[in-house]
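Labels run A, B, C, D and E following the written order; every chain starts at residue 1.
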Amino acid sequence: MKLAKIIGTVVATRKDESLVGYKLMIIRRIDGKGEFIDSEEVAVDYVGAGIGEIVLIGQGSAVRVDKTKREAAIDMAIIGIVDTMDI
Amino acid sequence: MKLAKIIGTVVATRKDESLVGYKLMIIRRIDGKGEFIDSEEVAVDYVGAGIGEIVLIGQGSAVRVDKTKREAAIDMAIIGIVDTMDI
Amino acid sequence: MKLAKIIGTVVATRKDESLVGYKLMIIRRIDGKGEFIDSEEVAVDYVGAGIGEIVLIGQGSAVRVDKTKREAAIDMAIIGIVDTMDI
Amino acid sequence: MKLAKIIGTVVATRKDESLVGYKLMIIRRIDGKGEFIDSEEVAVDYVGAGIGEIVLIGQGSAVRVDKTKREAAIDMAIIGIVDTMDI
Amino acid sequence: MKLAKIIGTVVATRKDESLVGYKLMIIRRIDGKGEFIDSEEVAVDYVGAGIGEIVLIGQGSAVRVDKTKREAAIDMAIIGIVDTMDI
């Protein structure tokens, strides 16, 4: 998983049917010091996370293992909210 | 998903049979400010998007979850049209 | 998909059995202006492409969707020959 | 696989249900000389590794081949502890 | 596939059970001129390759298509030995 911060939301009215009902968040990856790295990406929220929170990002088929998501065109999801990082 | 802008089209008469009938768009990734990043790539259009539009790009097996696409050699697709981004 | 130019061939006598009979081409990714980017990679030719041609490159499980390729250790293939790009 | 060093731990109380019970480690990739490269990432520990150890990192569906992990949203795992590297 | 050179070996006594019996080689990617690019990675040897040889590297689920490898946590493998490259 990657570490990221939620920095915004996206509205997309016209989209693949399998994405209807999912919340799309704009995230940006952070390193272990909390500094932004890479550019903005869009992840589906699985855990009820809010803007400003540090989260765990899952990618690829890992985010479609759940029976309810097998047929959703999701390749990136917020799969956890980070309470603390000890480095 | 990635954020991208549609900047052109590709014509490929000779191609894998599984790609016949799909529209191939040239896209280029953008960051949260709308600036271009990375280089041009080619995505199959699933949502009827047009040149100049800001779109959501799905990658990998996520873009073949639909029964009609299981046997198509597609690894990148336009899966949504962005109305607004709030950052 | 990525855009690439075919720049050579590879001979590998000793290889995974599942690759026997496939033609291995050296490709290098190009951007929308036709300039080389990234370094050389090796792709299996699915469409009868030749050296110097601009092609579409598929990656990952997308290039093994066909029944005849399910058990081939192929992670990158030439899946189309580009006639024209309009950007 | 990648080579990495375990440099910390992450606590995430609110997370995808499929991740409950797994230990989340902060790792950072190293090169053949043991120098850090890239930024911090989070991997699930499969082998009982500890902080400071050099480990092998698996990614993608490879880390869900085991029957007990097929439905876990894991895309990166510690799959071995490196005793020695001979370069 | 990527082009790479085998530059060493890794010993990992404690590892995921599915990896027992496989030989782990340290490889480093090369470009078309044979110059090293990127950093060291670890690949499972499928073809009996030796140190110093130029090889083809497969990644992702492509290296688990064989029935005997479906349940092995392998995401990168040496799938061919390069005899000649014509560029």
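Details
As a working rule, contacts are C-beta pairs under 8 Å (C-beta built on N, C-alpha and C of every residue); 3 or more make two chains touch, one makes a residue touch a chain.
This is a predicted model, so every value here is computed, not measured.
Considering every other chain in turn, the ones in contact with both chain B and chain E prove to be C.
Any chain touching chain D that also touches chain E would appear here, but none does.
Think of each touching pair as a link: the shortest run of links from chain C to chain E has 1 of them. Chain D has its Cα centroid 19 Å from the Cα centroid of chain A.
We define each chain's centre as the mean of its Cα atoms; on that basis chain A and chain C are separated by 31 Å.
In chain A, the residues that reach two or more other chains under the touch definition are 60-61. Circular chain order, beginning with chain D and continuing to chain E, reads D, E, C, B, A (contacts as defined at the top). Across the interface of their complex, chain B is touched by residues 7-16, 18-19, 24, 26, 28, 39-43, 60-61, 64, 70-76 of chain A.
By the touch criterion given at the top, residues 1-3, 29, 31-32, 37, 46-49, 56, 58-63, 65-66, 77, 79-87 of chain B touch chain A in their complex.
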